[in-house]
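Each of the next two complexes has subunit A plus one other chain: subunit B in the first, subunit C in the second.
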Partner chain A sequence: MNAWDWAQLAFIGVATAVLAPLGGKYLAAVFGPGKAPGDRLMEPIERAGYRLLRVDPDNEQRWTSYALSVLAFGLVSVVGLYVILRLQGVLPFNPTRAPGMSPALAFNTAASFITGTDWQAYAGETQASYLAQMAGLVVAQFTAAAVGLAVALAVIRGVAGDRHTVGNFWADLTKSLTRVFLPLSVIGALVLVSQGAVQNLHGFLTAHPVAGGTQQIPAGPIASMEVIKLLGTNGGSFLNAGGAHPFENPSGFTNMFDLLLVIVLPFSIALMFGRLIGRPNQGRVLVVVMAIIFVAHTAVGMQAESHGNHLIAAGVSQQTSTANVGGNMEGKEVRFGPAGSALMTVGTMGTTAGATDSALDSYTPVGGASALVAIILGEISPGGDGGGLYGILMMVILAVFVAGLMVGRTPEFLGKKIGPTQMKLAVLYALTIPFVILTFSGFSLVLAGPSSDALNPGLHGFTEIVYAFASVTNNNGSAFGGLNATGIWYQTTLGVAMLLGRFLPIVLALALAGSLAGARVHARTRATLETAGPTFAAFLLGVIVTVGGLIYFPMLMLGPIGERLIS
Partner chain B sequence: MHALLYRQLVRSLVMFAIVTVLAGIAYPLMVTGAANVAFSHQAQGSLLYHNGRLLGSSLLGQNFTDAKGKPLPQYFQPRPSATSPTPYDGDASGASNLGPTNPLLVGFVAGVTTYRQDGSVAPRNPYATRTDPYCVPTDPQGSPISVVNPPPGQRYARNAHGGYVCDPNTIPERAIAYRQFNGLSPHAMVPVDAVTASGSGLDPEISVANALDQAPRVARVRRRNLASIVALVHRYTEGRQFGFLGEEGVNVLELNMSLGGEQ
Partner chain C sequence: MQDLAYLLLLVSVMTLLILFVTFCDHLLGWDTMSEPSPAEHAEHVGGARPHRRQEVPG
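Presenting the complex of A and B:
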């Protein structure tokens, strides 16, 4: 990594440090009691929505009712998107003449976008109509993000509040859309277009290049999808190459803007948490832990990719300089360079976005491992919109319990006792995702057909398969793209893994929040374990790394670590 | 319970419909309208025209090859492209996805296990040719062979001299072809971007080092003064954005158009 690469990383750090506190303040105003900016403009729209929904926004739900609303909305959304994808061939606004998707592909894609995974087993250019992308996939990207934020709000109310209820799902969902995702998307899309991202409604154009022949020039409402793909920590692109495509991510600036669109909001949500519970330092502790993990995996990825691939023959210059972009350039764009590509791609791996601007499958073993590690630590650096917060809060509960055992105090968080019920739920939460990943990966590796769908030989092929399940179960959606995941086995199992990886953790997190809702708040004494200081931050970091590391270490040994050691 | 579930399902349907209208129709149409008023050139794809003919987009790389796919020496050549079926296919953006240890990418270099045709491990590359010690052979149709554990009875393509035909898309093979095409010495260092495919398969840029390696060949074929070609390379070099974001690169299509000679 040279000085330019460090400068880009420092830019991301400074920009996040400036923007996230502003975001946290705004979110706390919107979702807390009292007035918020934008009330006069948005409240009439929201009230109209509540009337259509026949919802009283002040009528709060218990956790069971809240979870039921989340599941019902998920079910309706998956079915609705499935129908659109199946019928896209006969529906209007299909200038590229994409045929209707097969049942397995439509299921896989619908589950993928509704859960915010955005795993794409199809090529956007030829297999998805403009209508399906604009009114189907984009809608799913908005709702996936808004549901995540809504669940986080419910968890906050349960963990910290003094009522037995956790809020109204429909009101949370509505306000997430009107106050956060829709307005920010309009601004973000226009910034992207100003840099060269494409936004129009006509079909592909045919160009006649200087040297003869023809070239198709892609078109469509690309930027409006690109922005919510990032802002909503979704990751699904209009075009097959995603963030590597010049029509989605045209310049060095948009590359960094894209990364900021992904990570600023999850950091803001953690700061909002601190403000809403009246303990800003508690939010800052979470942000610090998230940021340490983010910098660690991102810097390792940047270093590995700019150092290059040691197997590339002598006579090829991978030395990075201003004239020679250098590094491991297979699957990367010149305008981003190796370190800039890794900064964006590995940087988004600690969120559910998994948005890439380069081909992860061609990353060096260490670079690929840095992406995989960000995912298996549970995507809390800084995590998806909402998901990052309730994910790290589950780790906090585990950490409080372990710390309580070590020092012989009754474990408490925010003055509420952590008892056997909470521990069972938190441990179940921590084990659900590894169980789904390792079970499906194991079956895929022993079955003759699925195990031979990896493109690359040897241990790299193993990594392709386990990466796919780690990615979709954590709702990340990035891929080691060589895996041929278009068969029935992968489309079905990956689709099921996404649904389990999304809705089981949501229900467990809501159940835990519900179990604490209305619990007695004990006064702070000198014996209370401090959860808002540096000691607890370090301890939490240790718990996160231990939980992720112990469960997945054999998988990492057989995959990227082994690949690096034997080559 | 049933009544509760039913009410939630109906609400979900209404919500799904509202969001589809707002975020699926109103939002993209509003953005399209505003974008095409404020940034019409970009929103349409940064298109380049010459005498009314659409030549391409300044953001998308394209081929400068003859009808048989051979690179034309009078033009700067873009990076290799992994799009299928043809390179720089605007309909099929994508990467090679070849792993960093895959011989189909890096060739048979030290550290990559080489197998003989019978499947046993060979100490040295048995497919090496005089010009290419890293050769990965192809099958008789010219397609690369799955070189780790090849299927029994796999046949390998041979050239007129009885040597193996090497897969032209490995990095060592591309480096050899690059040196030959540009008249560089057999030991010249080749910029890595010249022998690797991009993530989109549509990378519009090459590194400055790559362009400067190609400049003498372009000058020779066009009978132009080298200094004037090098000056054009620097004119079409896009620096880091705002001085520090991204990397420097040369836009190949714009550079080639500036050389003149479009029909």
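Presenting the complex of A and C:
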């Protein structure tokens, strides 16, 4: 990478370092005790919402009740979105005349957006009506993000609180929407529109090119979907080309603004955690670990793509020079170049957004692997809104237990003893996602039909299949590409994998929170393991890499590592 | 017909997840039951006499 490429990465780092603490302070004020900015404006709206839903926000729930509320809300939401997508052809507000989706595609898409995965097996500009995009998909993007944040708040209350309850799901959901996602989305959408992102209700515009004939130019409410796609770490685009389309991502500035929209909030939520439990350093430790993983996979991806693809014939220069301003442009977005494309694409892979502006299938094996590794480490760099926090907290529980065994101290986190119950739940959490990924991938590889849907032979085709299941199960939703996933098998199994990948970890995280809720808090002594220092941060990093490495290394060997070694 | 099939699939998956919540709740309950109660713990730590080693004559 050249100096300008490093400068882009440095800008993202500095901007995040400035904005995330401000976000953490605001979130702690909103979700902590006492007054918060915006109370006077928002509280009447929230009270009206509670009256409408017949919810008493002060009625705290046990973890089981909280989890059942999450599941019930998920079930009703998927059914509602499914109906909209099936009937969009006969519903109003359809200037592009998109037909109703098939049952398999509607199931896949509804599960995808309600779980925050946003895997898209359709082209938005031709296969989704404006009503479906605005009243269905965008609403789902808001609620998916708010559910993630709500679950994180419940986990914080369970892990660090002194009550047997973990909060009220409906109150958390409402407040996440009114105080975080709606106001920030309005601001973000205006910034995007100011830079040239499209926002209208025109339908297709007909252009008359110089070469003759006509061309249909897609338009629509693009900026308003783009902002919650990113801010909510969702990833689902209005247009099929996603962030590579100038109507969504018009300039180099918006390319970096988009990445900031994705990563600042998850870092802020980790800092909010530190503030809410009264130990800011504990939040900072999590942020440091998240940031190290983020920088590592992003820099490796940028570096790999800047170096070029060794499979391209010798003599074709891929280095940026005065004679070749593009460099390695295989699979890249022309406006952003190799490093800018990889910065956005690989950078968002550690979140559940998976928003891309270039084609991963055309990346080098190392570049593709950097994206895949970011996903399979569990979406904790910095992860989804809320999901990143409870994901890394489960790793913290594992690390505390292992560290306790190593130094002969009772495993303890925030003064609460970590016993067999917590370990069972944490281990189940660590194994659930790989089990779903590897099972569905295995069946797809041995069955004749699904395995032939990979458009490339050999190890690259293997990567295309396992990447799809890794992506959807971790609720990332990015596509490696090169896989025909529009058949019944993939639309159904990917849909089921999204539901399991979203809700099983949520149930386990809430169960762990419930097991610690109201547990006795032990006083800190000299024998207490310090979990808010650099030693524990390094140890936590080691546990994350080791757990991920042990589970997925054989899969990586058969995929991108093998491809790099034998090609 | 396909609509019904996907609705059934969705309901089945969500029912399994609800059962999983119940399973986890029982898991917590079982673990709590397997741990000694505070009274048993106090008796063991504070009241029970230590086991004496049986002396072997000869």
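Operating definition for what follows: the second predicted complex is superposed on the first by the 559 of 567 C-alpha atoms of A that agree within 3 Å, B and C clash if a C-alpha of one lies under 4 Å from a C-alpha of the other, contacts with A are read in each partner's own complex, and residues count from 1 in each chain.
As a convention for this text, contacts are C-beta pairs under 8 Å (C-beta built on N, C-alpha and C of every residue); 3 or more make two chains touch, one makes a residue touch a chain.
Everything quoted here is computed from the prediction, not taken from an experiment.
If you put the two complexes together on subunit A, you find that subunit B and subunit C both fit without a clash. In the superposition on chain A, contact of A:Ala104 is made with subunit C only, not with subunit B.
When subunit B and subunit C are set side by side, the one touching more residues of subunit A is B.
In the superposed pair of complexes, A:Leu508 makes contact with subunit C only, with no contact to subunit B. Residue contacts after overlaying the shared chain place A:Leu205 against subunit B, while subunit C stays out of touching range. By the touch criterion defined above, A:His460 reaches subunit B but does not reach subunit C.
Contacts of A:Leu75 after superposition on the shared chain: both subunit B and subunit C are touched.
In the overlay built on the shared chain, the residue A:Leu190 is in contact with subunit B alone; subunit C does not reach it.
In the superposition on chain A, A:Leu500 makes contact with subunit C only, while subunit B stays out of contact range. In the superposed model, subunit B and subunit C sit 150 degrees apart as seen from the Cα centre of subunit A, a figure rounded to the nearest 10. Look at A:Val334: by the touch rule set out above, it reaches subunit B but stays clear of subunit C. Taking every C-alpha atom of subunit B against every C-alpha atom of subunit C, the smallest gap after superposition is 11 Å. Residues 68, 75 of subunit A lie in contact with subunit B in one complex and with subunit C in the other.
Contact residues of subunit B toward subunit A in the complex are 4-5, 8-9, 11-16, 18-20, 22-25, 27-28, 30-32, 34-36, 38-39, 42-47, 50, 53-57, 59-60, 62-67, 72, 75, 79, 88-102, 105-107, 109, 111-112, 134, 146-149, 171-172, 175, 187-193, 195-210, 212, 238, 240-242, 244-249, 256-257, 262-263.
Of all residues in subunit C, only 2-3, 5-7, 9-11, 13-14, 17-18, 20-22, 24-25, 27-28, 31-32, 35 touch subunit A in the complex they form.
Those residues of subunit A whose C-beta lies close enough to touch subunit B in the complex are 4, 7-8, 11, 49, 52-55, 65, 68-69, 72-73, 75-77, 80, 123, 125-126, 134-136, 138-139, 142-143, 170, 173, 177, 181-182, 185-186, 189-190, 193-201, 204-213, 215-219, 221, 223-225, 228, 239-241, 244-247, 250-253, 255-256, 308-313, 315-318, 321-337, 340-341, 356-359, 361-365, 455-458, 460-461, 480-482, 563, 567. Residue ranges of subunit A in contact with subunit C, taken from their complex: 64, 67-68, 71, 74-75, 78-79, 82, 86, 102-104, 106-107, 111, 419-421, 424-425, 492, 496, 499-500, 503-504, 507-508, 511, 514-515.
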